[in-house]
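Below, each structure is written out as structure tokens.
One chain, subunit A, appears in both complexes that follow, with subunit B as partner in the first and subunit C in the second.
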Partner chain A sequence: MTLQGGGTEPLGSTPPDVDRREVWLEEPLTTIDKPSVQPAEPELMVANRGATASAVAPDGDERLAYRSVFQRLFMRPEVGAIIGAVGIWTFFWAVSGTFGTVGQTFGWLDTAATLGIMAVAVSMLMIGGEFDLSSGAMTGAMGMLIIYLVKATGALGGRGFPLELAIPLSLALALGIGYLNGWMVERTGQPSFIITLGTFFALIGLKLGLAKRFVGQIQIGRTDEASDFKYFRPFFAAEWERNKHEFAQRDFWYIALVAAGVLISILAVCELWFKRRAEPKATGLVQFLVSAAVGIAAGIGLNVTDGVGANLAIGVLIALCIVVGLHGWVSWRYEPIGERGSVALDSTMIRRTVLGLALVVLGGVVAVVMDSKSTNNFVFPFTTQGVRVMLASALGVAGLTLLAMVSQAALRVNAASKFIATSALALGIAVIAATIYIASKAPKFRAALFPFLLFLAVLIFTWGMLASRFAERRAVAARADRLGNRMLALGILSVLIGLAIRMLFITKAELLAGVPPAKTSVRLLWFALFTAAMMWVLARTRFGSWTFAVGGNKEAARQVGVPAARTKTKLFMLVAFAAWFVGILVAFRINSIQANAGDGQEFLYIIAAVVGGTLLTGGYGSAFGGAIGACIMSIPLIGISSARWNTDWRFLIIGTILLLAVVSNRYLRTKAGAVRR
Partner chain B sequence: MSEHALLELDNISKYYGNIIALSGVSTSVAAGEVTCVLGDNGAGKSSLIKILAGVHQPTEGSIRMNGEEVSFASPREALDHGIATVYQDLAMVPLMSVWRNFFLGSEPTKGLGPFKFIDTAKAKQITKDELTKMGIDIRDTEQPVGTLSGGERQSVAIARAGYFGAKVLILDEPTSALGVKQSGVVLKRIVEARNNGLAVIFITHNPRHAYPVGDRFLILNRGHSMGSFAKDEIAIDDLTRLMAGGAELEALEHELQASGASSDRPLAQR
Partner chain C sequence: MITSKKWLAFVPAMALVVASCSSSSGSGAGTTSAGGGGSVAASASSVASSAASSGSSASSAATTGASTGGTEAVSQTQAGDLTFYMITHSDDGPFWSVVKRGAEQAAKDLGVKLVWKPGNNDPQVMVKDIEAAVAAGASGIAASLPNADALVGPLKAAVAAHVPVITLNSGSKDYQAIGALTHVGQSEDVAGSGAGDRLNAAGAKKVLCAQQEQGNSGLTERCQGLEKSFKGKVVTQFVGLDADTTAQQNTINAALAADPAIDAILGVGPVVTMSALRAAKDLGRKVTIGGFDLTPELLGAIQAGDIAFTVDQQQYLQGYMPILLLYLNVTNQNTLGGGLPILTGPGFVTKDNAAEVIKLSKQGTR
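After this line comes the complex of A and B, so read on.
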């Protein structure tokens, strides 16, 4: 009896025509004993778990649902962290008068730099399935060690070493401690949590004991007593004063790079999302180019004209250019949908749309009506003004959430319904933008948030329009995916370079206006370089692969010849290296160091790693996530003092962030159906 | 057949303290043949594989490869001799992509010194080609292995062993956690590996999986060999009987039949 027996065959749960190549055997497999007969094979359920029931790929393996661009994006470990970082930044930007300024931004970035170098290294160790509780104490220990070595203490014979000796000596010791951590964990087979807890206390004791023994106090200085301090200072503590660097065309480059970056990113998402046409439609390209030209001209016009009326007219023109131009681009390259269907929202969806819009409008009314003259003060939440802001925000957010839910649900109906629902969402955002323009007195809200929200509304409307007119690509296309990913990377890079130019340079007008000085340091550069290097290591080297492997399934890795013990030991040494480097940075920054410097920071590193999407159990995560996690930690640290709140609240905020991140990361991952665990 | 056997086991015994896990087991495996090791739980199957895979060393007896006596001090040494073991549960790192799993531990690199990096394009291409050769059509080698079914995972592990030049492929209970169809897939891979000239050792407690693919059958019961048979020397029912140690199972079968439901109905209803 063969399994291809037809309709009466025993494998009732799969259609008889699928995947015949796997149906094989000349012998009595059907009489296999019961234990091996599992009900419904699990991968059939994967297909049903996708966003839409119809998401099963038309070709290829029928058990794999095609994951849309956004689903694939949310599979990345760090995406949740990026959203969180933007949210927290926006919150402090809104509540604090100075948080968005360049000086403040450099402030939290600097905190993020030293935190982040460690968080990236700790993320990698955690991907490898281990912990290092001694990492925080180690940063302080290494900073101290450098200063001891260069210091003219009696114990060292009155003359210290030059930094050129102190730096490699301390590095050797740091790597030695890292090796010892790894060796003990591997040799004893004990959890690294316990082993490094031991190292942690040993280091704390050593630091305090030695400080008292040699200096008689816990404050140890000074790094600049080293004979060759001035040669090393540029590497570890060079500073960049913004007000000393004037760049006349700064704003041109800033706007051009950011605008180009945003445009390229949008086109990249189109490339990843839509299905390519067989024959490109040339008129679409013409439409795109004409719109782009008009849009650029309008942008220049915005710069030279003045007055509300002109701005409004040009704003509308730019919005039109976005809609028409993107439509042109997409119709040039991508396949239109044949059957769009007619609008068919069920009563729940209609109720929710109406309710959502009503809530948004009500929020606007509240913001206008409840406006009072009271100002920001300590009991702000209990003043009329506070209630107004909170009530209006809550209504707005609730309304938008409802509208977003409807637009999600409408995806499953048909293209026309999706368009209507998405337009309602865009309308809701536009109403909020209008509310801010009418009701807010804060100039930064009117100058920044208002146009941004309008732009967002236009984008969402355009996206709804495009997604309802053009076909989504529901199959893997390696070349399109590669092109799209590269464009996305290029777009993001362009935006970042634009922002960096804006932050690093100053214009004559700003100098004349008396913009407060702001400075940043080479630490930020090291942070970026280290993060990039570790991202590369994780993605492209054998060591990176092995890191994931020993964290994910150590036995399987060992089985195929991965040197598991050596990989883990190297990871401990990597953390020690990072701690050494951060120790030097700190010693150079403040020129002296406290004996308890860094103690307790190891938890911040672990939180940053977890917030960045790294799994506590190992095998999953990203270096970039760790870097973003460090930003999420440092934004509230600086933001709280910038908002003039009591800084003791920072622990509450960090704890809350950790809890939210754990829950939402898990939610995002299950939503994206990343893996079976 | 012992003159062309690739791997020969001669009187292998293994004691753990005073526990005799294996006692005087002999068999031979030839290239292009499937040798099934059958036995119930506790029969000594895992001890036998662990000896072959280099995890344990036999207390007594010898292993000969191509007529030369060998001993494996570690899994790596066994691998170097061309003996690849695919464990049922340890085969893969579920959160890693298919191609990374395929090349794990032996990644192709390019570049120099500290800037050596994995040739991802090549690795992905080879993975896709090798899996296609085995008849597994994986759409995206970037997908995590955890999203594959159990049978596909075993298949990837088998393809990997073949690609990295294994001469002897040991499969530890590859079908025991799988459904009917997937078991079929894995059995098909076993046949393909055999046809490619590998010596396959297939460990299972399921004679219905073993009999269709096996060329020789080594039956273990409570650490003792119940004999090593060529396919034409033994029928499938005898396999079952020998595995269970004879009479006990027959009694059980009668008891089950007496209790009513015919044993093949649940299958038909699925």
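After this line comes the complex of A and C, so read on.
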């Protein structure tokens, strides 16, 4: 299993069967599991290997032991990045008036798209154990080349080629440079850091020198001088203006898809977590269906009623439906626990629970008592508002952390203790939700954060209740895993489609309210497709396994028959391909490119990859992490601007994020590795 | 020491004074500067001879001249000729090639020789070039001063050697300390103020001063100048590097969306100005946009009426004027400017003169 690319398979994937290995490698390899092929960095490789090695363990090998859905989740390289991205997004959403709007969301996504395509490719290369410092300069070089080729001949140079000729020509050149990078690294045996640094400078010089030689300027335009520009434009620069696409039923579909997606995801987690019972209990299914029907009716009711009282009543009804419905579903399919035990929290746990709840309440009191009039300016530390918000948040977070620690510890005691501890955590979240409702005047907190936190509290309570009443599955069940993974993928997809509908379409009400125009382009689609394709390559193809292998331990990989040199060269060519593609996207976007375009960006790509959980040393990482890393880089960029902060601090913030990401990634990995046993 | 004997013969008018100073001060560096001095003189003659031809061939001639060097070329220089050195941090980009054309035109008009020495942003290269120019007996030196720490010393030494010095482009703060005749350039501060006046006239109330670099003193001074003259509020913000125009555009978009009061943007570089235009268009906001420097793209947008104006340094003058002023000083002991810098900007390109400027910039003089 050493060669199976670990962390990057999509969450919804089944662990590969043992016999698949023989399909992946050209010839069956018997040495592969022998201790003689030990990776250079045992700890990291263990983590990597463990990420997929959850198949049946006939010989009781601890590496192949069963791991629960949450353990599997936290083993993934990008989980730290996802948590970080959500945290940073929420932070800027909270401090800025406009950051959460659709227009600005398109803004940071668009910024992440060009960065992210490169970050994904660079992640792949880094998993393969190499760097490419020429990737940034390459994007600009390819953009300039395309424009030069298609530019009308005349006083200012240009070749006047059609795009149908210029695109393959430039692609060939890009792949050639990628090949050259790989070839030189292989032939000289020098670190790719040095080789590609050379390519980087060579490219910068070429860009400047050739531009001035042939065009007489360092800025070269324009892409639209190509004769067939209009045929290619839709592929690379088609734009979508939200305000021109009205969709009356938008909110219905948005809410329906997101709600269905969340529900399916929860059921998927149940499928992955609980142990199936031999005979389904039909009353449970009835309980689930009735609750679901009542819940949906209540949800529709929420739409028609008005007034705080009615909304509150319906909210309570929906919460009840969630608890009862999920209980019904789980009791239908899964086996109950025989002995629940009695609550047995030790004194430390009790002290921590009490202290945690006290801190949360204290945070609420601070928030209410320290109320300040200046609602607008709570941005930075020195106003009363700033102190209030920071104090309240710190107390709240500290309290929740304590409660979460207790509920973790209670897992090991017994079911009843676990239920109590988890309920305390849910209570803490509910208190914070209430605080926000009472203390905040900002409509977005009251309308969005308050119900969200309440929902979260209900969910955590329900989960604690279910997990203490029904048996956890402690062995691999291939069919249940496959079903659960597929449901999870479906649920996530449904949520994403729902969000996309919300983002892409506008309602009459919004138009009347004068929502500012928001524009996005096909670049986002390319970003998503490229990321998905690379995730698939890493998780599902032989090339993906080889990538992990050559990055983990090149010599060992070579010995077991992986064509290491060819794999690395292909990875360099992949980065060059991505740079070529990004170059085209930029050339179509702004119609002209300056010689310094892209220079220095290569470090951002590497940072994005590292933030996304890819190791600098190779052999471990994920393509999806690179994409998330790009979002983490772009969110503060747009967020600081939206929050109207002094931009002098930008690099301080980005540096802090990088440090936090690296430290927390490592923490999560060791933590997950420890939990596994 | 060979060189010092040679230029005794070439420059008889100033010979006695200069030679007495430099032969005493330059004795330590004599052996090392000999080769450099010779090659500089060689490139001087080749540039001068090809000054009438196109810019690119002139620069290639200069390179060959410099690399071959030798005494033969030096002996072609005739007594009584004036040789002015223009030593800058030029990267031979679009900006500096216009400066170069200005200097070349001045040399041609006045019948003097010009040695163009681009330092490519490396102060060490400039230091060597300045020392070599003094050693080669320059009639005058026009130098840019991007790095005061490195360059003030050598230029002071040049003044001490009775070589007249004029600074150009950058150095408005230090030219007096050097003892330079004057400074020919644009004060970033004054340029920013000029842009502020334009925005006042356009009726703007709140302007975003969008910077494409952090910690660049020139760009900061542009925004500070804007703050001085602009009557409304100024928000100065770093909006991302030119290397990533996507991020730049989206950052400006975010800044505009966050503050509906912003009704004008001043981009302190041409690329960031175009990013600002795209951001404003995406948001459907009516804002007055001003920019800095000239690019074909920016000039096109001005002609189309999308951008109100751009601040032009008129760098052609930064090449032409120092040569003219040095000539007048050497031949007639004139000085201009009364010790104050001579400003070549801000010149403004607006819709009214955009078409003309586009034509001139194609000729390489704007």
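We adopt the following convention: the second predicted complex is superposed on the first by the 588 of 677 C-alpha atoms of A that agree within 3 Å, B and C clash if a C-alpha of one lies under 4 Å from a C-alpha of the other, contacts with A are read in each partner's own complex, and residues count from 1 in each chain.
One rule holds for everything that comes next: contacts are C-beta pairs under 8 Å (C-beta built on N, C-alpha and C of every residue); 3 or more make two chains touch, one makes a residue touch a chain.
Everything quoted here is computed from the prediction, not taken from an experiment.
Of the two partner chains placed by superposition, only subunit C is touched by A:Thr98; subunit B is not. By the touch criterion defined above, A:Ile590 reaches subunit C but does not reach subunit B. When the two structures are aligned on the shared chain, A:Ile218 is found in touch with subunit C, with no touch to subunit B.
By the touch criterion stated above, A:Arg540 is placed in contact with subunit B alone, subunit C being left untouched.
By the touch criterion defined above, A:Gly561 reaches subunit B but does not reach subunit C.
Judged by the touch definition given at the top, the superposed model places A:Gly552 against subunit B, while subunit C stays out of reach. Contacts of A:Thr647 after superposition on the shared chain: subunit C is touched, whereas subunit B is not.
The contact surfaces that subunit B and subunit C form on subunit A in the two complexes do not overlap at any residue. Across the complex, subunit A is touched by residues 75-76, 79, 85, 87, 90-96, 100, 103-107, 109, 116-118, 120, 135, 137-140, 143-144, 146-149, 160, 175-185, 187-188, 206, 208-209, 211-212, 263-264, 266-270 of subunit B.
Per the touch definition, subunit C reaches subunit A in the complex via residues 56, 91-94, 214, 235, 237-247, 250-255, 257-259, 270-271, 274, 278, 282-284, 295-297, 362, 364.
Listed in rising order, the residues of subunit A touching subunit B in the complex are 3, 10-14, 21-34, 36-39, 41-43, 46, 57, 60-61, 63-64, 475-476, 536, 540-542, 545-546, 548-549, 552-553, 555-562, 619-620, 674-677.
Those residues of subunit A that touch subunit C in the complex are listed here as 96-99, 101, 103-104, 107-108, 110-111, 113-115, 136, 140, 155, 208, 212-213, 216-219, 221-222, 516-517, 519, 586, 589-592, 594, 596-601, 604, 634, 637-639, 641-644, 647-648, 650-651.
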